[in-house]
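Below are structures written as structure tokens.
Okay, so subunit A shows up in both of these, paired with subunit B first and subunit C after.
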Partner chain A sequence: MANLDASSSDVTFKPKPSLPPPPNTVGAIGWIRKNLFSSPLNAFLTILSLYVIWVLVSNVFEWAILNAVWEAETRRECLDKVGLAGACWAGVTHWMKNFIYGRYPDAEVWRINLGFGILILWMAPFWFPRVTGKIAIGASAILISPFLLGYLFAGGEKGLFLQLMISIAITAFIFSWLHVLVCLSSGSTLRNVIVSATGFAAKPDNVQKYPVIALFVVLAVVVFALQGGWQLEEQNTNLWGGLFVTLVISGIGIAVSLPAGIVLALGRRSKMPIIRVFCVAFIELFRSVPLITVLFMAVTMVPLFLPEAINPVKIVQAIIAVCIFSSAYMAETVRGGLQAIPKGQYEAAQALGLSYWKMMTLIVMPQALKLMIPNIVGSFIGLLKDTTLVSIVGLYDLLLMLKAVSQNPQWNGIHTEPLFFGAVLYFVLCFIMSKYSQHLERTLGAGQVRK
Partner chain B sequence: MAVVDRGASGQGSSLSEIVNDERYRSVFYQILVFAVVMWAGWYLFTNTAHNLEARGMSAGFGFLNSTAGFSISFSIIPYEAGDSYLWVYLVGITNTLLLSFISIIAATILGFFIGVLRLSKNWLVAQLASWYVEILRNTPLLLQILFWYLAVFAILPRPKQSFDVLGLGLFELNNRGFYFPAPVPGEFFGATMLTLLAAVIAAYAVAVWAKKRQNATGERFPAFWTGIGIIIGAPLLVFLATGSPLEWDIPELKGFNFQGGGSVPPAFCAVFIALVIYHACYIAEMVRAGILSVSHGQTEASYSLGLKPGLTLRLVIIPQAMRAIVPPLISNWMNVVKNSSLAIAVGFPDLVAVFMQTSLNQSGHAIEIVAMVMLFYMTVSLSISGALNYYNKLVQLKER
Partner chain C sequence: MSMDAQVENIESHKSTKSDEVVIELLGVNKWYGEFHVLKDIDLSVYQGEKIVICGPSGSGKSTLIRCINRLEEHQGGDIIVNGVTLDNNLKNIDAIRSDVGMVFQSFNLFPHLTVLENCTLAPIWVKQTPKAEAEERAMEYLRRVKIPEQASKYPGQLSGGQQQRVAIARSLCMNPQIMLFDEPTSALDPEMISEVLDVMVELADSGMTMLVVTHEMGFAKRVADRVIFMDYGEIVEQNTPEEFFNNPRSDRTKLFLSQILAH
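Now for the complex of A and B:
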């Protein structure tokens, strides 16, 4: 024993290097074993799922790609070629222009493209991190751009007021982008550039805004004078259709419902009983009925409610209905965000002596809106899907256009292909929006997570 | 501005006091809003009265008793052309309620199933379920309804080549609709139904007694299986004792169509299937969120107390998850009722289709009809949200 003790004293304990993990618990095989075949039941479910996926994918692939007919003049041609075994995509490509622009004349389609292009450019600064004053740009895009876009889409005679508003819109757009370019190139703001260029930099703060305003007015007057002779051919709204109408209705719905929803939500939480009662009644009434009844109400009752001289076109009636309906829903979304703000924030604002509106705009709303953004995007997705309902009251939105193809004698009875195409289109739009909202939730919520 | 004027008659200092006093301001704003709303209401009312007069129409609910001259393709309460508009309203309500009711049940079952699949440890199953949810949730319901109707149910074969569902010769699907055997109760069938009612009450009583005893003594009693036994066994005994007084009227092909049995039109099937699979997505997400909301510590605590996984699920996880699932679930049911109105797009005669479209076009009483339809939906949703509030109070965390 002693011998053994002596020998062990100068040998340090050296463990053998640990064995690699069994090959079937790591890597791809390990992952598969763990996630797909961990028990007999799971193995069975995996095989069943694989079978379901195989059946779905192979059938859709065969129908939509392998046997599909891409070029044909009539549905009969397709049927003669492949029967019902393959998709007749010719019926979709043939009508693609109508799906997007409705019956808008081909020669004037550039107006729609230009309008949406302007809107996208106007909103684009939101995604540039270095740009300041995003709220002003966003507000101008929502409040002023409709005049310019509306005129681009509808055309016709423009009165003095519309001409003025279009001038302001164009000027605001130019200003926004000048500002964005200044921000991106030098990190300064347009205001600072104008102020220093005109030599007002040394003047007191409250005078500095005058050169900016003056420049805006001058530019607006120039635009006003330039576009005096410019007139677009009038396009009746019953020519509007397709994705274009869907986007117009849901776009206006979004632009109106957000501010209206905020006002209604504030009213619902107000301490003034009369205002609260009105807001609660409005919200609860329109949240408890289906959108289709609101649409029917707008179509049948708006002409009764208004003086005989005013007879709004159908798209305006539908927009009114969509706005009312989505405002009520948005109000509840906003209320949810407001309720999530701790009472201490309100009390702290009041203790600082802020008035109600200052408290709301400086303390509560910025925090609440941040919390609400995912839900707001969710409501927008709902709104985009809900605009399909306007097809029931006879507006040629994307859905009714898709459905109308089958009524054409040459394409009689072609339902599956246009609807499939429409489903894919809606899916892509909504899916991108929902993924984006999840992304926002992660990036905006980063500060909230306790580590 | 009224406040300012009133202040101006007093002294200078009291003017600013009144203008800056929050109470006066709030009264002033309220009066202002009230006046604006009243003015808008009055404006709309006078316009409407003027327009109605110009069109030679009268307002009022008198038209409800006059006869509606159209027929309705499907109704569960007897209707024929020539019944009154009030009866049309009731036909529409019953059709809407029938469609919503069975859609709600099916969507809830499917939704729970898919919600559980989404949480499966099997990666492939979870992915499959999550893609099901993503794809169906991100396409408009109306498009799905039209798809089912136009691309599936409208191109079904004629009655002669009916598709035999389940292959038993009992359920037939063709382009006229879905045909199924209808029960024909015999003379003493009422006795069976009464026994069933009594059995349900008895099973409930047993459950209450078992719980009381367990609380008092700790002894467990298989109340669930006893209850099932009572509910199935007792009515079955009475049913057999009274000589099986229930026959099935099986649909048969006679001439060009099926005769006998019950049937629903293709539009009904299309809306039903679309509603079920669309709303099942939302319910699946709620179930998933609800189960995830129960912290894992609860499971571990329950295991450490020695509960088996099955009991853990039943006694610990599900009761807590239900607290998070039920409120959104019920508001989703409300959405099913509201979305069932999309049946109008494929011509199923629900309330909106028969009353708000056909009756409105025929009688022209827009305001009354819109008000009545909205009243129905409001009644449904207010009663559902009332029940929801009651439930919420019941299951709320009782904090001390």
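Now for the complex of A and C:
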């Protein structure tokens, strides 16, 4: 009730002060009372669950840690020591290299490490708040890094085109990091530094870009000349395997499916009938077929339709199949997000004179993608796990590598330990993605309350 | 209405209307499926004129002003804005849209952008205004709608009245010659209506051509050069506010006025 001060002739309204809530409804004790022991049945269930958890955890702990064997040369040794009561981690550690790199030669493994190192460094600017032009850096990483990374992994003869693309990729990487260093040290941009150093600062905007482009071209030519004689030994993709293959397939799948999915989703909502029909047909066709079928189609049937001169590589076929399949799924995820954007946003953008593409890229997509982050990351996690299916068409991905240990004479019959390790590894990868998506949701949504 | 007394006290606003026609509607017809929402609408709007459009819901008043910037497509007749005839030519549509500002009932601010970014987005991306200049102009308009201190906040952090004023500033940043208002105060709490109307009155005084769909009859009496009453997709009656409110001619108008002025 309003607290009306009647003593004075003018009635003034004073709101009552806010009081703290009753003590046993807040804090840890309040939480436990409310959530775990709110009724006798709930108290019983809480205690029962705690007992079940204790039994499970203690048994796993005993098997995986207490009784485990870490040093052994064969499975026989493990069995002699503890029998089946303890895990034989020696088998996992002996095969660790294969789990990660497949049968890639030991002497060349640095190429894989370097490739992934470059990719991580290339993406790293995303985590520096002060860096500008993140979209350009990210786009360059996604669009041109595959040439450099692909050559590092596969090696062999470089054609003129590949050499050119590798040069551009290296130059773009150097430019990105020069830009990052400039941003971090002075808060300026690489463009501004180059423009002022070359004395173009007074020139109009559209002329200012020339020294930047010129420097890029010169650097690219230098890189092109330098790496002319440099060649890596060819590594047949049959040797690729383990986590490496899993990450390559799912990484490319992720990088392709998001943009392809956006394009397909926009196409499905397009007013132009040919585009719409094509997109609907593509999405519905590949969504109604299991991934295994698409993989088999790509690996066994597609070569039948190709001329004999073209001898497709199995991993490339599998990657294409995964990309097509995940794009179709991503398209529906994106469409769901697009439908959540109120009509008023489109109308406001149109009323301001924005063209279709500007409206989509500046107004609709930023909001829709933010809403879709949980679903998109969910698809990515699904994709990472689905890549285990490529083992069925004979690619030695992580899962097949984990199973291959048990066929090795020394470790014959060891199933549980490698699969347990694989489960933990997959869990860690997926959990990181999931946590990162939650982090993204928080940072991108900061300061915004939807009405 | 409670605002009447207030309005009487204020000296009548000088009309900024000129003889130049900026919007011309000739026999405009529109259907939503089977529903005939606009029937043979003829209307000329003069430079600097302020028109208030009222009528019961479903009478086609919102549709009418939404046809002027082609948010809705008309199926018969001609709409000529600033000498450009609206047809399927996208260039014409874009040209007209950057000349015609629009304020919506539900504000439709972009929730992922700050207030300042909301105001600078279209000037930067449509008119290629340099960022610094666009920001300077946006701040000027935010001062005009009296919320420069909210520039770095997001729309979701503002009250409805503040959001609507930002929406007005956002439209003004494109330097429009004509402003369309689609029930700008209908979604607002009573205490916030006047802050938005004040901004609109000020805008009217500056000579802007305005078409306002509203039920704020006080506003109509105060600033309108002409009041248009619509029902069943037709213009039933149009007149100066004095004549419209004091001597309504058609029985439909009398009924409408008696209902909205009853309380």
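By definition in this document, the second predicted complex is superposed on the first by the 408 of 451 C-alpha atoms of A that agree within 3 Å, B and C clash if a C-alpha of one lies under 4 Å from a C-alpha of the other, contacts with A are read in each partner's own complex, and residues count from 1 in each chain.
In this section, a contact is a pair of C-beta atoms (placed from the backbone, for glycine too) under 8 Å apart; a residue touches a chain by one contact, two chains touch by 3 or more.
A quick note: this is a predicted structure, and the numbers were derived from the prediction, not measured.
Peer 1: In the overlay, work out which of subunit B or subunit C sits against more residues of subunit A.
Peer 2: B
Peer 1: With the two complexes superposed on chain A, say which partner A:A351 touches: subunit B (first), subunit C (second), both, or neither.
Peer 2: Only subunit C is touched by A:A351; subunit B is not.
Peer 1: First (subunit B), second (subunit C), both or neither: which does A:N375 touch?
Peer 2: Neither: A:N375 stays clear of subunit B and subunit C.
Peer 1: Where does A:L45 make contact in the superposed view: on subunit B (first), on subunit C (second), on both, or on neither?
Peer 2: So A:L45 only meets subunit B here.
Peer 1: Which partner does A:T189 contact after superposing on A: first (subunit B), second (subunit C), both, neither?
Peer 2: Touch status of A:T189: no partner.
Peer 1: Does the superposition put A:I363 against subunit B (first), subunit C (second), both, or neither?
Peer 2: It touches subunit C, and subunit B stays clear.
Peer 1: Under the stated touch criterion, which partner chain does A:Q227 make contact with: subunit B (first), subunit C (second), both, or neither?
Peer 2: After superposition on chain A, A:Q227 lies in contact with neither partner.
Peer 1: Applying the document's contact rule, which stretches of subunit C touch subunit A when the two form their complex?
Peer 2: It is residues 69, 71, 90, 94, 97-98, 100-102, 104, 106, 108-112, 121-122, 125-126, 153-157, 167, 170-171, 174 of subunit C that touch subunit A.
Peer 1: Please name which positions on subunit B make contact with subunit A in the complex.
Peer 2: Spelled out, the residues of subunit B in touch with subunit A are 26, 29-30, 33-34, 37, 44, 47-48, 50-52, 54, 120-125, 128, 134-135, 137-144, 146-147, 150-151, 154, 334, 338-339, 341-342, 344-345, 352, 356-357, 360, 366-367, 370, 373-374, 377-378, 380-382.
Peer 1: Where on subunit A is subunit B touching in the complex?
Peer 2: 35-36, 38, 42, 45-46, 49-50, 52-53, 271-275, 278, 284-285, 287-293, 296-297, 300-301, 303-308, 381, 385-386, 388-389, 391-392, 399, 402-403, 406, 415-416, 419-420, 422-423, 426-427, 430-431, 434
Peer 1: Using the touch definition from the top, list the residues of subunit A that touch subunit C in their complex.
Peer 2: By the definition above, subunit A touches subunit C via 342, 344-345, 347-355, 358, 362-363, 366-367, 370, 447-451.
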